[in-house]
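Worksheet: the structure to be examined is printed underneath.
Order of writing sets the labels: A, B, C and D. Residues in every chain begin at 1.
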Amino acid sequence: MFAEKVIELLKEAERNPVTIDPFNDDKIRQILEEMQTLFRMNMNDANATTENKSLWTTVQVRHSALERNKRCLLAYLYSRMAKIKTLRWEFGAILPADVRELLSDDEYEWFTKYSMNLASYMRSLGQDIGYNGIDLTENLKPPKSLYIEVLCMADYGKLELEDGDVILLKKNSRHFLPTSECQTLIRQGILKQIS
Amino acid sequence: MDLTDDNIALSEDEEEEITAEVVLKTLQSAWQNERLAPEILPHRNDMVECMLGQIQHMERNINKLPKTDLRATIHKMELSRIKFIICNYLKTRLSKIEKYCIPILNEERQRVESGTNFLTPMEYKYAQEYLLNMENHMKTVVLDKMPGNMQMFESNKMAEHPNMQSHVFLKANETINGVVLEDLAGEDEEIDLEEGSQHILQYKPIADLVKNGKVQLI
Amino acid sequence: MDPYEVEFIGENRIISVIPNFSYDKIYLICGEFGPFRAGLPINVPLWLAMMLKQKQKCRIVPPDWMELDTLENIKEEEKRSRFFTKMPNEHYMVEAKLILGAASEDVPNAAEIKTIIKDIWDIRMSKLRTSMDALMKSGGGYGRLDHLTMMEINSAKPLLPSAMDYLLQIQKKAQQRVQQPSALNTSTFSQSGSSQNT
Amino acid sequence: MENSGYLSISDILVTNEKIPCKFLHDLPKMGFLDPSASEDDLKAGTNVEIPLWLAESLHSRRPPLVAVDLPKIYKDSYREILNADACTVDMHKLSQYFYEFGCYIAKHDIKGEVSNTLINTFRQRFRMLLSASVSTDSVGAIQPLSVSERLQAAAAANTEKALSEWLQRGDSILTTANMVANHRKRKRAEMEMH
């Protein structure tokens, strides 16, 4: 049957909606090859339609299969793009190595471009009135208190606060910090809020 | 001590001055509507910038107060509430712009010409760049490797449209008579929205009422 | 929306507190409040009241409606009526949760009040589910929901609107052919086993 | 179904469902579409189940290349069961994409009976979604749902969970981002396996 490989690819993408799987280079190549084969067969048969009219319908059927493969491949890429966007919002502009390697080189390039476009938009916010931009990846939840107690989950190193104080974030150390200054570290899993 | 600029002129040609309080209320309702409407709404950059100005002004003044001063903490808390609204509002818009970038850009081109643009210039630029990156990515990874007659990036097909017929909850800010609800059987129904009444109905017939502030999405 | 976002919106409501400090007026962006006089009640936004309470700078004055007799009446009325009755305010549950959570010592009979508000909430939530089912059965295209508070409406999302959207889509897509008897050659369709149902 | 756009994976999976068709013309070199046949060409008159996307495309040709039959779950006997009490039906067994697939099928059913069945079925089964949202225990007690029903019930259950957490708890705490947390979890699991 036509376009079956590409369905396996999509089912694979649907299985893990909250994580991203390695880019399936191999299968993409196979599907593109299937398309080339269908196309070649169509070229041959299209030339022969003068002798055999009913070949024309065969050509049309293959053409539908080509269209189907195209749609499926684009849907696969698109669903990954949505996940890669989430990576940008959640991990930030720099991806951890183990996450980075799940992306193909082209996808990483897309990630970088997406990230740059986003950064330049955010930098532009409020520029007319002297702001250096606004980071939209912060202030994600309605604020409840200005300071929160956090537990450090990893050896992070020094963190300089807005008021100039420098604190050392060591694994298992506890701190009482301004909410606005530790949201990103919490999102990235380096700090954990203690309720 | 008064930390606010009490009266703000929104734009120079506008005689009328409105208070920061009104700006905040307007922004809050714009945020709420943006969150709950399926389509992108006309931007309220005037309100955003005005609030950002207020925040900046206020932050400078807070810094003059002792750190532990109760008033400083109160002001900081209010500012972080407002920052939350602004960030969430702008972020909501960005995610709609990304999702519906093709139809938004198509419609926006016409709106820019008539000066009734929904996006800010920076949002417009963002959308164009976003679509361009998407197109290039799809071309590089698969389209260019397909047989010749399959290589087109067909933006008409790719376009995802907001569902204008999705159902929303609303409260009428004033009485509106004769809202027409489309019925599939062809028997359209007319209803009146009395001031303060609440309804769930299709977005499409009330889209304009959201934009002109006659109803609030809830 | 997240319940905390609805709470955030509800926190703009004005309530009364009795501060234990004195201060001049404070000029916030959302309005001016004060002057604060120790021992004298004053109106502030709920979020500010909560903040002052947390810092032990005030006592909360329970809203008028947060009182046993009033709530008993509301509860009885809610039970009796087929419709949703009007609540004391649009964010009664947010007020109740925040005030009773952080300042139960400021509210006489706090424990009983908590129970009765929860009862009212539960009655209304079960009524809401019944009305949602009725709405879908009766047509599922439009509904009027006066007196439901924002938190209650939020609890019907996304299920109710998405089910209504879904139903509309089925109607539109599935009835496409029915409405416009087709230009297509329908005779190519086998209608084997067509039913007696109409 | 809300998203049946070009790039929608769920619509692609729906249109991959098989539908019985009868070929009306000879199709040279397409014999492989019929797994029971061994010839190169597909003969007019062959009955075979093919994916919906292909059937739609063959049917839209002028003249149509296939005649489409209703899949049995949309025929009389099943419709009667559904119209009697849709809540007793196991959608998992019947069809994962009962409504979405049905919408495509119904387009071809001139009498509109499929369409009425879809609408009635969804209306009746809405109360199952309602009860599935209230408590997770009851999800097991009701008849299995279709994919889209399951998604709606899951979304409703999330709302319910967030609400009851809100009612019981004090302040909302800030947490690790979803994808970050899941990738960490996966990494841990992978490390344990090696």
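General remarks:
What we mean here is this: a residue touches a chain if its C-beta (ideal position, glycine included) is under 8 Å from a C-beta of that chain, and two chains touch if they have at least 3 such contacts.
Keep in mind that what you see is a predicted model, and the values were worked out from it rather than measured.
Between C-D and A-C, more contacting C-beta pairs join the chains of C-D. If you average the Cα atoms of chain B and of chain D, the two centres end up 34 Å apart. In whole angstrom, the spacing between the mean C-alpha positions of chain A and chain C is 35. One simple way to say how far apart two chains are is to compare their mean CA positions; for chain B and chain C this gives 23 Å.
Taken residue by residue, chain C touches two or more other chains at 2, 4, 7-8, 51, 157, 165, 171, 175, whereas all remaining positions touch fewer. Residue positions 73, 77, 81, 84, 158, 163, 166 of chain B each touch two or more of the other chains. Residues of chain D in contact with two or more other chains: 2, 6-7, 170, 172. Contacts between chains leave no pair untouched here, as each chain touches all the others. Interface residues of chain A, counted against chain C in their complex, comprise 141-142, 145.
Considering their complex, residues 6-9, 12-13, 16, 25-30, 32-33, 50-51, 53-54, 57-58, 61, 65, 170-184, 186-187 of chain D touch chain A. Against chain C, the residues of chain B that register as touching in their complex are 1-4, 6, 20-21, 24, 28, 32, 35-36, 51, 54, 58, 70-71, 73-75, 77-78, 81-82, 84, 163, 165-169, 181, 183-184, 189, 191, 197-202, 218.
Chain D contributes residues 2-3, 5-7 to its touches with chain B in the complex. Contact residues of chain C toward chain A in the complex are 2, 4-5, 7-8, 51, 54.
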